[in-house]
Amino acid sequence: MYKVGIVGGTGYTGVELMRLLAVHPQARLTVITSRGNAGMPVAEMFPSLRGVLDLTFTDPDIEQLAECDVVFFATPHGTAMQSVPELLDRGVKVIDLGPDFRLKDAEEWSRWYKQEHACPELLEEAVYGLPELNREAIRGARLVANPGCYPTCTLLAVMPLLERGLIDTKQLVVDAKSGVSGAGRQAQVRTLLCEAGENFSVYGLPGHRHHPEISQQFRQIAGQSVGLVFVPHLLPMIRGMEATVYAGLVHGDVDLQALFEQRYAGEPFVDVLPAGALPDTKSVRGTNLCRLAVHRSGDTVIVLSVIDNLTKGASGQAIQNMNLMLGLEETLALQSPAVLP
Amino acid sequence: MYKVGIVGGTGYTGVELMRLLAVHPQARLTVITSRGNAGMPVAEMFPSLRGVLDLTFTDPDIEQLAECDVVFFATPHGTAMQSVPELLDRGVKVIDLGPDFRLKDAEEWSRWYKQEHACPELLEEAVYGLPELNREAIRGARLVANPGCYPTCTLLAVMPLLERGLIDTKQLVVDAKSGVSGAGRQAQVRTLLCEAGENFSVYGLPGHRHHPEISQQFRQIAGQSVGLVFVPHLLPMIRGMEATVYAGLVHGDVDLQALFEQRYAGEPFVDVLPAGALPDTKSVRGTNLCRLAVHRSGDTVIVLSVIDNLTKGASGQAIQNMNLMLGLEETLALQSPAVLP
Amino acid sequence: MYKVGIVGGTGYTGVELMRLLAVHPQARLTVITSRGNAGMPVAEMFPSLRGVLDLTFTDPDIEQLAECDVVFFATPHGTAMQSVPELLDRGVKVIDLGPDFRLKDAEEWSRWYKQEHACPELLEEAVYGLPELNREAIRGARLVANPGCYPTCTLLAVMPLLERGLIDTKQLVVDAKSGVSGAGRQAQVRTLLCEAGENFSVYGLPGHRHHPEISQQFRQIAGQSVGLVFVPHLLPMIRGMEATVYAGLVHGDVDLQALFEQRYAGEPFVDVLPAGALPDTKSVRGTNLCRLAVHRSGDTVIVLSVIDNLTKGASGQAIQNMNLMLGLEETLALQSPAVLP
Amino acid sequence: MYKVGIVGGTGYTGVELMRLLAVHPQARLTVITSRGNAGMPVAEMFPSLRGVLDLTFTDPDIEQLAECDVVFFATPHGTAMQSVPELLDRGVKVIDLGPDFRLKDAEEWSRWYKQEHACPELLEEAVYGLPELNREAIRGARLVANPGCYPTCTLLAVMPLLERGLIDTKQLVVDAKSGVSGAGRQAQVRTLLCEAGENFSVYGLPGHRHHPEISQQFRQIAGQSVGLVFVPHLLPMIRGMEATVYAGLVHGDVDLQALFEQRYAGEPFVDVLPAGALPDTKSVRGTNLCRLAVHRSGDTVIVLSVIDNLTKGASGQAIQNMNLMLGLEETLALQSPAVLP
């Protein structure tokens, strides 16, 4: 049994990690920290874990965390980077679900997060944890930057096209929609049921923090800058994310369906739907799956991509990365089908 | 045109008052206060009022409020009682949507609200603003205590039975359910869409603050104490409240349907459904209506009562009271049918 | 008082017409037909109309309808065109909320609706009922084709740009999202709460019936064909529609905010938000408003447009058209602000 | 591996059985029937099962079903009773999720279901499949009548009190609330998102079919008739059920908390909350758990009981029964914690 720690366990990605670890046959959660709730049993905050997880939140303590094989950071930006260097030094593998290690350029990171980066020297080493892109590097990594939800949903939709140079890189439109859980478990007016329920809105214009993360990966895949127009919207529901991607085809006579099927053949968590099918978020809720469909309208290719923002978009992908880093079967703890309806 | 002020206009009862006043032909909102948001245009906080209401939140100022004919307090407990005496002295009529003047007994008030009452001498004068019970007194009142949402929903269901001595007063069960807007517009975790959505829970046990308010009115109507078991629940929706009342009949051979129809004949905002019908909250959403149905199972009478907690349960009833206090047509501004679906 | 009839009153656009007519000071609903429910009181099907509307569904009868000043058709495609010629002959003004008279080309209509058009000679005369585009023609019309919800939401977003030739007409992306009420009140599995709730999906690919309607209007405004990519999505909520429009700017140095404000200055039902603001559907729910915001990302203009699909997207706009056709104040019955929250 | 069949697999209890069987280590689904959808791959109807279940719906065929070790009927009333006798004769164990074998009295069954019972001789043998009541009998059973959702939720709340003779059997009030999935996957207007969303209503008065089922079990436990007032309500959400039970205590000085904890000590799927706690449905969603809390108001005991209507209220309990009938570990396939939020 591998020992696992979670720093910052009171948010939605934290409780999702716990749900998945609860059924993991080879990993056991041994430490869970929360500055604000030290001393409270986890099951008191999350009654869904009564009888499942007999742990108590503790104050973050580097000695305790250092005894883990893997530590997840489920913390806001700026937290992980304070502790990661020491944990790595002590031989702990780290997966950061926050954004501290996603951007390669420390200055760009500072511009978006309005503070200096505490350990820019680790940015190059950190592996961007999208297994469909970087599986081998993840296997050997000490430090994985778990991708954001929008980037995961978008990259899986665009990678096959970009890798083959099939689309116009001058302008690519990503119209993305997320369930409210993406905004976290903080008390705030705009995510109250009375505000976000029965409502649909745009947010994050002019610039969402996932924009540079997507752009960086696009650039790396395409070998050049890609003109990205990214507009996120807020859905009146709890879990689920969809991206509708519009790109101009530069090579008209390509079998897009075959391209996507081949690119993702063998991928355990990417499901290319049959030609003509249309995905919905419900079919992936609570699962680590991305379902994709590729359509075409004239010279525009339209890719539809759905994930659960908390699972493949965060904690499920983090477990997938942990499995890879520990040399385990990649799909462990990630195989339950979606709860339907 | 009568001049109207609102103290504490940033919550859901505040914006509901504004919505209704916007179509009132004889009253005009001239002052709206908010300590935290003074200087902000109302339409900036509530875009639904863009083009409808050209007012700015101001700090509460007694001089400004004193120029109004009527002032509504849409404030948490303990606020209205600080300013009401002076406003009354200066000839302003006051309607308090909070609980400061609902209980007649200052000591009981203190027990529930954990503070001394600032003007216990006004408790006797304050008229409990349920027009179906106290219409004439409201017409002549300077100070109206607008009933709570649960009490309104419950009293209208029980009054006909209690007034006629038809039910066992030893034990009366009120199983009540409210939409989340009843919890207000404060940022808090339990009313986030992710927490309250797709969820149903009990709250307020062992004792909800509306319990003594209902009991007091029961006692007054019945002329004796009534054993009330009151259990509130939280519904995964925005607006709407239902109470299912269970009472033991002490006189078996009464035509309950006729009783309810006669009791509420001529009432503009109480609709007794035909025998056998079942009400739903959607049919009263955004309206000042209470819909009632009376059923029977053996010796138990079951009364089903639905209101919109923010309209008949708060701001709509407050406007109804204002209309009565000003000698206007009782239904002004309250006649739009529910938006369906 | 003008006399009004509705053919096909049991769907959501029918009950929305009734809600609005209930508060109309100069029009009175006198006939409402339903083949399947003749004899049933309207308020029995729609309890929200109890005490508001004392009418009974009748079988469609041309004699009865001919006594009306205006008749609305709230029927599926293929119904209105059977009766409209005779009603026009008898001097009745007609507003069709269905698609029978929206396309000018009878062959195109037949391709999309898989049947012959019954009165192609009326297609030219029928006025496309978007007041912001055709106000004067509507004033003089006998027959108005009320626009679809997606076309209304899209056209108001794009018109100012297209009229001025500011955008690339080769490709324009409209990513549109609609509440479930757009799918109507028919019993079907995909719109059950258990299917459409907590879910988000794409539909209508490869071709939605509103596509040719939007394209036709674009062509007319631009004087040339416009390459439209239109992808509709289904939102897990009842009312509300949003379109996010992406267009390439061909003239870079234009003040888009000023353009939109000038274009819609004086329009009672189009509200251009201040620069930088972002609209949500809740602020227009139940109202006849379209709220617009215009943003820019490089050479791409992004227009955000929200309406209530049943009001400005159907029945509210139909009442607006009726007001114009009868020479009444355009805003009658359409001035209540949105119910919030 | 045991072979499992499902008759009638296109409803919500069918797909829930499939979800749970997909992770069952010792049972494999080999046959799934549907008269209307024979020939369609299961994963086409339920995309959540793509890659999980490679089966196709077939017409019901007794030969094929007879090869199974266990057959579940997830069918409306009147279907199972036609085939069960033959399956039993051929040595197949049967679990009926419908109501055909829940009532012991064939005449009572006929009154509620308006048809003759096809095999009344099996009613006595059929074991009522509530493991917390009949575990040993279930272990030895050929035929299990899986309880209804309301009866499961209610019986677990009341059993400890009734078994000990602590409550007044003259009148017991059960105010129950169910998510919409309890109404099934049939196309019908009242369960559309537009009708059932943002709405709360009572239904099933004067008599719901689960009433006689609860009464029968009460009578058996108490040894006498119990006066049951049962009022079901419809919640605007997908999954989840709550019952608030009100009963008069006849012995005042009992430690209710201890009573419940002792009664359910060792039960894997009943979780008695700590004194003072309040359950919510979200904490049991998708799980086989019943969470209970017991409160007191004067002489009235209030028991709060929550389950997932499709899991402990139907398919989860059916799997639990299967595990018992096959001599397997009772909790197999039923141990994943709830998906939260």
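Read from first to last, the chains carry the letters A, B, C and D; within each, the first residue is number 1.
In this text, a contact is a pair of C-beta atoms (placed from the backbone, for glycine too) under 8 Å apart; a residue touches a chain by one contact, two chains touch by 3 or more.
Given the structure is predicted, the values throughout are model-derived calculations rather than measurements.
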TODO: Since chain B and chain C are copies that touch, just let me know if over half of their interface numbering is common to both, same, or not, different.
DONE: same
Open item on the list: With contacts counted as defined, which of the two, A-C or A-B, has more C-beta pairs across the interface?
Closed with: A-C
- [ ] Select the chain at the greatest separation from chain D, using centres from the mean of Cα atoms.
- [x] C
Task: Separation of mean Cα positions, chain B and chain A [Å, integer] - done: 45
Open item on the list: Rounded to a whole Å, what is the gap between the Cα centroids of chain B and chain C?
Closed with: 37
Task: Distance between chain centroids, defined by C-alpha means - chain A, chain C (Å) - done: 39
Open item on the list: Give the residues of chain B touching no fewer than two other chains, as numbers and ranges.
Closed with: 12, 181, 185, 194-195, 197-198, 236-239, 279-280, 282, 285, 341
Task: Residue ranges of chain A touching chain B (in the complex, touch as defined) - done: 12, 180-181, 185-189, 191-198, 236-238
TODO: Would you mind writing out the residues of chain C in touch with chain A in their complex?
DONE: 171, 173, 175, 177, 179, 194-195, 197-203, 205-206, 227, 229, 231, 233, 235-240, 242, 244, 246, 248, 278-282, 285, 293, 295, 297-300, 302, 304, 306, 341
Open item on the list: If we count contacts the way the header does, which residues on chain D are in touch with chain A in the complex?
Closed with: 12, 15-16, 19, 22-23, 46-52, 181, 185, 198, 238-239, 271, 273, 279-280, 282-287, 291, 335-341
